[in-house]
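Note that chain A is present in both complexes that follow, paired respectively with chain B and with chain C.
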Partner chain A sequence: MANETHMSVSVWRGDAVGSFQPFEVKVEDNQTVLDVVAWIQQYADPTLSYRYACRVGMCGSCAMMVNGTPRWTCRTHVKKVLVDGHMQIAPLRNLPVIKDLATDMDPFFDKWVAAEGVHHPTLTRNDPIEALDPAAEARVESAAGIECINCSVCYAACDTVANNPDFLGPAALQRAWSVYNDSKNADKQAVLDAVSGVGGCHNCHSQGSCAVHCPNALNPMNAIAGLKRETARNFFKRRS
Partner chain B sequence: MTLGLYMAQRISALIMAPLVLLHIGVMIYAIQGGLSAAEILGRTKGSILWFAVYGTFVAAVSVHGAIGLRTVLSEWMGLRGGTLNAAAWAIFALLLVLGMLAVHGVTAR
Partner chain C sequence: MRRGYRNHTLWVAYLLHRLSGVALALFLPVHFWVLSYALNQPEHLDGFLRWSEMGIVKFAEFGLVFLLAAHLFGGLRLMALEWLPWTSGQKTAAAGAVAASTLIAGVFLMRAI
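What follows is the complex of A and B.
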């Protein structure tokens, strides 16, 4: 029963198979979705599994589907998402469910590596530190994606990921674009090759769900457009 | 969708874009003063130019449509690997054969 003082919350229980379990939770003045999940686990059912760490939008571990929308639950106020005193909380989309609200994020992180979102050094530890110009064009492109907290909200929002399990996804490709534009990255070609295969950037349909839902207001779609442009340019260069 | 398929689909789209405009332009021009099969065939029969225009159009559509439907089959019907590529080649061949038959029909003497 939802009323002024209490909300009704449906929480996913199980893994790939399971069902929603209803809970009654007291409405507080300042309350996040994560607060509600924590309250249920502490006071209503200690067997509820979920994941969080920082509670301040830094670590990227608390993302869940709230009323069908992927969100960082530690920074989502209940008042913003409650519909007629009700909300539904489910594990993040597009990832295998371990138990209840905890997903297996391995596929998400494996794709970061597969997209070559790794550092290829230009210098050794014995060289002096290279100065960066924050206003340089490539640096601005690179910096646009560095506030990513690896929360997988964009990955959950992406319909192309849902329909094509090979697709590397918005976050991994955005990281590849940051690395590609980094003047301290020695191997641009390795990045372009990694994002040009079966699951690469060319699968993206540019519908922008990633950019709409990213809690840090990043725009992976833009980064992917950059990768498409550079791979296309490179396609002719390598042939001539 | 790999880089190669992406490039083939975008380049075929680039080829189609001006041909679509030309096609519409000629249609508007041709129907001034009525439309008859004899009039159209009189223009296209034995014309190397119209054969080249519509032949290129058909080739581009076959490439573009086959790659586009390949994406749809993969994302909506879960086709993968060899099955997916076989389906795309079949669509390519079907579009090419039907299209070239039509081009032959209107341009052969």
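What follows is the complex of A and C.
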């Protein structure tokens, strides 16, 4: 039972089919959700599977559903999420579960590629390095999304992804918006073509869960709105 | 079910927009059906209009006007979000749409009773 010294933690066990397993974990003064998962794996049940790497909010590996909300667990303090001494930890939503708390991230990263979020160079390695103006309007738009750590929290928070498996998702579209606005990107049309098809930016219902839950306070909804404007402008421009 | 990740203003605004749209889609055919009485069966229309004088019906009409206004202002909000340069006050815009809808529906109810 949960009390002042211990908390009760329900942890998902299994893959797509499974159930929550209860654990009793000692409450510490300074303790993240990832600390709790690591403690369970090290001291209570070594068969528990989960994923993490840096522990400092840079790598984007450790995101999980905590009490039904996607969070980066290494930077989420237990005291922030504990409800009556209880906490539920589940694998990220909208992704296939490999085992326990580890999800298969392939669909998430495949969509980054499908959204054409890749560099299309304007120069070769033999050319001098091109100077960028950090204050240029397009550069400011581009810079707004580059702190993404690929944690998939936005992807897990998105109901459009849940209802439409083809939807590219907030992170991939935000990446496409950053690449689109990059003055060193040589093929803007490729980006617009990639994000305006089935599952593209126009599927977004502007629910805004991506922006609310992004641990780095980025705003994919803003990026998707920008893509909607540019793809529409491009559509009319090509017809005229 | 409202999950934890949905507990924020813009998701509620999305839900309101979707529900008001469905409600209006259901309401409009009935609305046009009643209007058709004016052309085909005026006596039936008079009977309906007497029925619509009941307080409970007027209150239901308040709800309809609210949904119509909410869908109108919510739609304008979404068009501004998608077509105008981004502004940071999206939550304020959603709250403003609800406030304007409440005002219009409230004025309608005051005039009706």
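As a convention for this text, the second predicted complex is superposed on the first by the 240 of 240 C-alpha atoms of A that agree within 3 Å, B and C clash if a C-alpha of one lies under 4 Å from a C-alpha of the other, contacts with A are read in each partner's own complex, and residues count from 1 in each chain.
Here is the rule we use: a residue touches a chain if its C-beta (ideal position, glycine included) is under 8 Å from a C-beta of that chain, and two chains touch if they have at least 3 such contacts.
Everything numeric in this text was worked out from a predicted model, so none of it was measured.
Asker: Going by the contact rule set out at the top, does A:G169 touch chain B (first), chain C (second), both, or neither?
Answerer: A:G169: touches no partner chain.
Asker: Of the partners chain B and chain C, which touch A:G200 in the superposed model: first, second, both, neither?
Answerer: A:G200 sits against chain B, while chain C stays out of touch.
Asker: Quick check on the superposed pair: does A:A157 touch chain B, chain C, both, or neither? Answer first, second, both or neither.
Answerer: After superposition on chain A, A:A157 lies in contact with chain C alone.
Asker: Which partner does A:P91 reach: the first (chain B), the second (chain C), both, or neither?
Answerer: A:P91 contacts neither chain B nor chain C.
Asker: On the A-aligned overlay, A:R229 touches which partner chain: chain B = first, chain C = second, or both, or neither?
Answerer: The answer is second: A:R229 touches chain C but not chain B.
Asker: For A:P215 in the superposed arrangement: first (chain B), second (chain C), both or neither?
Answerer: neither
Asker: Would you please give the residues of chain A that touch chain B in one complex and also touch chain C in the other complex?
Answerer: Residues 228, 232, which sit in both footprints.
Asker: What part of chain A is in contact with chain B in the complex they form?
Answerer: Where chain A meets chain B, its residues are 160, 163-164, 196-198, 200, 202-203, 228, 231-232, 235.
Asker: Mind listing the chain B positions that touch chain A in their complex?
Answerer: Residues of chain B touching chain A: 1-3, 5-7, 10, 71, 74-76.
Asker: Sort out for me which residues of chain C touch chain A in the complex.
Answerer: Per the touch definition, chain C meets chain A at residues 3-6, 8-11, 14, 78, 81-83, 86, 90.
Asker: Under the definition above, what is the set of chain A residues touching chain C in their complex?
Answerer: 67-70, 156-157, 159, 205-209, 212-213, 221-222, 225-226, 228-229, 232
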